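Letters A, B, C and D mark the chains in the order given here, with residues in each chain numbered from 1 onward.
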């Protein structure tokens, strides 16, 4: 494979247009099949028994009564999922999270499961399982958990990353540090310093489709798993490892996925469904309730962040420092680490230091949520940056432009940037009409920047050309928001044919080589790279076939606009052969024509966004409404601009929800109090204005079309943009997210009372 | 538990089924009748993904018992298109990319159909409040609102 | 579990009275089905009252309006005469849940579910609405505020059904209004709410007034002192301030996932002022 | 010989030193030599280390060549959403 991924600056025919997605009709007619829409003959209903305690030793589980209930076909506990992780700590955590082994570590932690002939019997059976708990003291707050006297969640945890191994165990699993220069010296040069502490509450991705799967284990050890996931190959690996199966014998089919945003990147209940099916000898369908999704899937971290930034009178930042504490749930994670890396990524800093602390708490295992960890860090940093600009008497946008990172800047997380988009997004915002629109009483405008890395990863794609010249494209990255349309466009572009002749599908794990998940904004970046590579391989064959048909050397055949063209004076009488012409003859020129590609799509381009937001605050109630919102973001290249806009708008909307109302609320008993869409308040249609978007295209030099990822960055700026807008509207600096009405009213009252 | 025999009309077709007294209409549609277009996002009436129309009223099918459908007329997403002719709302949702993951789409289409039946020329605000019972986590609603506006214009012209 | 669909109120009462296990009345089901789904109730008998004659009708009588127990809130919003006479009651009823829930939920269910945060109840209490209760020993008519006795508890006896809500005919110069505070614009349960019902004299001064608060105490509060302070006034600033103060003072709220004690107290006063102004304007006051 | 910079936490297991001069033609050789010199790094490599070459992050392309004058920075491998 000699694939050249470098950006070539070509003119596009298909890429950049806005056709209807190939899976669209199925989705508007109700025919598309999601996780819970699939059934198998003889299937049982799986249900999970969950701990009502935040922290408790499981002393005994008696399943005998449940097993005796007519219609119950299997009851499992941790004993039915023996530890096969062989020292792989991360996999052990996933196993323990799927089914608690010795201790229940949060309200909602699975302790047993049943498979029965219907939902009613399964529910009854759960009630018959007797679990004896020894309730332990718990801790759910990130700051309390980090304290040395907090109840220990795992007494084998000694903080990593310290110069000396600590003598005592702690809930802080790891300390990480990034930065360069000398922050002490930098602060000494500052004329103004802003120093503040911030908190953000835990939020959930809030995908509308609960986790769902159908598992079927056969007596010969082969198995099928139908599941909604962001990465069916990864699910296959996890499940095969946890159940002691050979990966190739477990076929995982990804259903249509009703939202993931990072929450469907690792297994939660799928190994349980497989274990139930194995024990019962029948297919098992396991669908989480909404309550279970909130209590027992993976929300994001709650955080506590201290920020200090200093600047000279001329507006140059001299030093920046942040300490970030992120909750991980009861298992080790690297969430603060990502926060520490992204916190100051937008800026050109001589002296910068960030320190992250990973903190265990009795809450569900933290999972990725769209640019994981970056929004909270950006909230803290961008709030402080705004405040500092204000103290300096500088315009918030100008201050950021003066300090923005650019090509050649050493990023706060280490490397030196190539061509990047933070400067251009700021310039676009500075000149955007939104910035000049008039505001009324109690209204305020805020802006903020955001950064995300974007990922690539292992990718495999098949492109098959039918005898009629139409193209089937099989990809292995799950389509979470229209990528089949984008990838069809890319195939059409590269082959030089019309989009309507390409149909993309997501292949199952037995039909295609391994693919990493659709995460880190990699779906379109990686699979488009693999699709281009596959198409180029197919073109090579198409040229060979044309050469055969013409009986000329293949070196004399080029591929132009969907046609084989014979190059040279001597071929003047040969009309170009279309892809369709060549395909029609493929049966006698060597058989089927296909292009394959297996590659690691590396070199994903970092992405920046700047958002503008207007809010109106009711000073008597603290109620905040977003009345205008604009997203400016660098896409590298927008393959299907409508879906790029959709990503910008969706990320902004999630950020708005996070900023204003969404939060996990735990009682003193350590139980989650708002495990439903009634009281976990994601934005409804009437909460939001239209969300304007501006797509910038600063090509990624490491992708043939210049594509960067676009999915995640848009959730990074909103928390700070809204906090800054509230501050400008009513003069209170909100340091606690969400800025719910009681918090804003309390802040306003404190301000009024002086 | 005694089963309840129900005769009803779904998308214009006479349908008979036997269901448990506590079984919801959503469960009946999905699990007994194979009509999986209506989705369960919450089961508590908070997300609208299971929206159907019963005797001209927009409801969450998760908050209706299957037994209650006796003698009623139920409309679901599966009956929205006429043969191979998509409803203007379906067409406009596609054109505007008013869906990303698509799990909320059937509910939105049914709710929007009901909205336009009662108010053929809604303002943006009326659309937003009219569809507030349907949660979408992907789109930020922008393209959904635009698709409904566009469909309303098309339907008025038709 | 049994599901029945009686055709007369007597049959319904009879079935409920003789039920051995837990029984539930089903009208809109928007509370009942949620509680069944969550496993909080497991009724052995479900009595669907929607086919009982008259229970699905809104009728205008010489005395006012009779709203059958099975009338969905959406129907109230479509009834022009009711909307004109009792705009506050109708707007409260039309705030419950979504359009989808509106197509099912009923004000009788909202009342009998006995949530302190029920949206329609403060408006009904302010309106002086009455509930017609049918039971094994006949029918009685009671003030709506006597139905809920605490969160999830009512004064109804076994076998009793609220079959209708009665609203008086409106005199000249009358107006009512309801406002609630929610964090979002829709779909939330009231954090705190206020309903006000006023009549004015010929000079535009308030003649009678009833003020009710929701989500401010274990049951909806009828704040008589707040009503009294309005009487005789034209909602001057001093009266408004006293109204807000009395309402804030009358609250006995709790801290919970929806709001704090402090917030509820403060906003109860804010809402009372705002809602009084709307009711006053509707009554023709200037 | 290339100059490689390690992020804070990784330098703690590499003799407390952030900058290292290593003779390596590609990422694979770099990892091997680092692990030979500092065995404590091995579990970190297993968990995943990303390599930024002139600002572009490579996570899995171990055959990626390391240009002599390139800026090379090791980073933790991250999760995305």
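Methods note: a residue touches a chain if its C-beta (ideal position, glycine included) is under 8 Å from a C-beta of that chain, and two chains touch if they have at least 3 such contacts.
Just so you know, these numbers come straight off a predicted model, no measurement behind them.
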> If you average the Cα atoms per chain, which one ends up farthest from subunit A?
Replying inline: C
>> Need the CA-centroid distance for the pair subunit B / subunit D, whole Å please.
In response: 54
>> So the centre of each chain is just the mean of its C-alpha atoms; given that, what is the distance between subunit C and subunit D in Å?
In response: 67
>> Can you work out the whole-Å distance between the CA centroids of subunit A and subunit D?
In response: 25
>> How many angstrom lie between the centres of subunit A and subunit C, each centre taken as the mean Cα position?
In response: 44
> Which residues of subunit C are in contact with two or more other chains?
Replying inline: 38, 185-187
> Hey, what residues on subunit D touch two or more of the other chains?
Replying inline: none
>> Two or more other chains touching the same residue: where does that happen in subunit A?
In response: 205, 261, 677-678, 683-684, 686
> Of all possible chain pairs, which ones touch?
Replying inline: A-B, A-C, A-D, B-C
> Taking the complex as given, what residues does subunit A use to touch subunit D?
Replying inline: 90, 160-161, 163, 174-179, 205, 261-262, 265, 334, 337-338, 341, 368-372, 411, 413-418, 453-458, 519-522, 600, 602-606, 701-702, 711-712
> Given the complex with subunit A, which residues does subunit C contribute to the contact?
Replying inline: 38-39, 181, 183-189, 191, 256-260, 262-263, 266-267, 270
> In the complex formed with subunit C, which residues of subunit B make contact?
Replying inline: 1-2, 4, 20-22, 24, 43-46, 48, 51, 54, 57-60, 62-65, 67-68, 70, 111, 114-115, 129-134
> Which subunit B residues qualify as touching subunit A in the complex?
Replying inline: 1, 20, 22, 30, 35-44, 46-47, 49, 76-78, 80-81, 86, 90, 93-97, 99-106, 109, 124-125, 127-129, 131-146
>> Could you list, by residue number, the parts of subunit A that touch subunit C in their complex?
In response: 123, 291, 620-623, 625, 660-661, 665, 673-674, 677-679, 681, 683-684, 686-687, 740-742, 745-746, 749
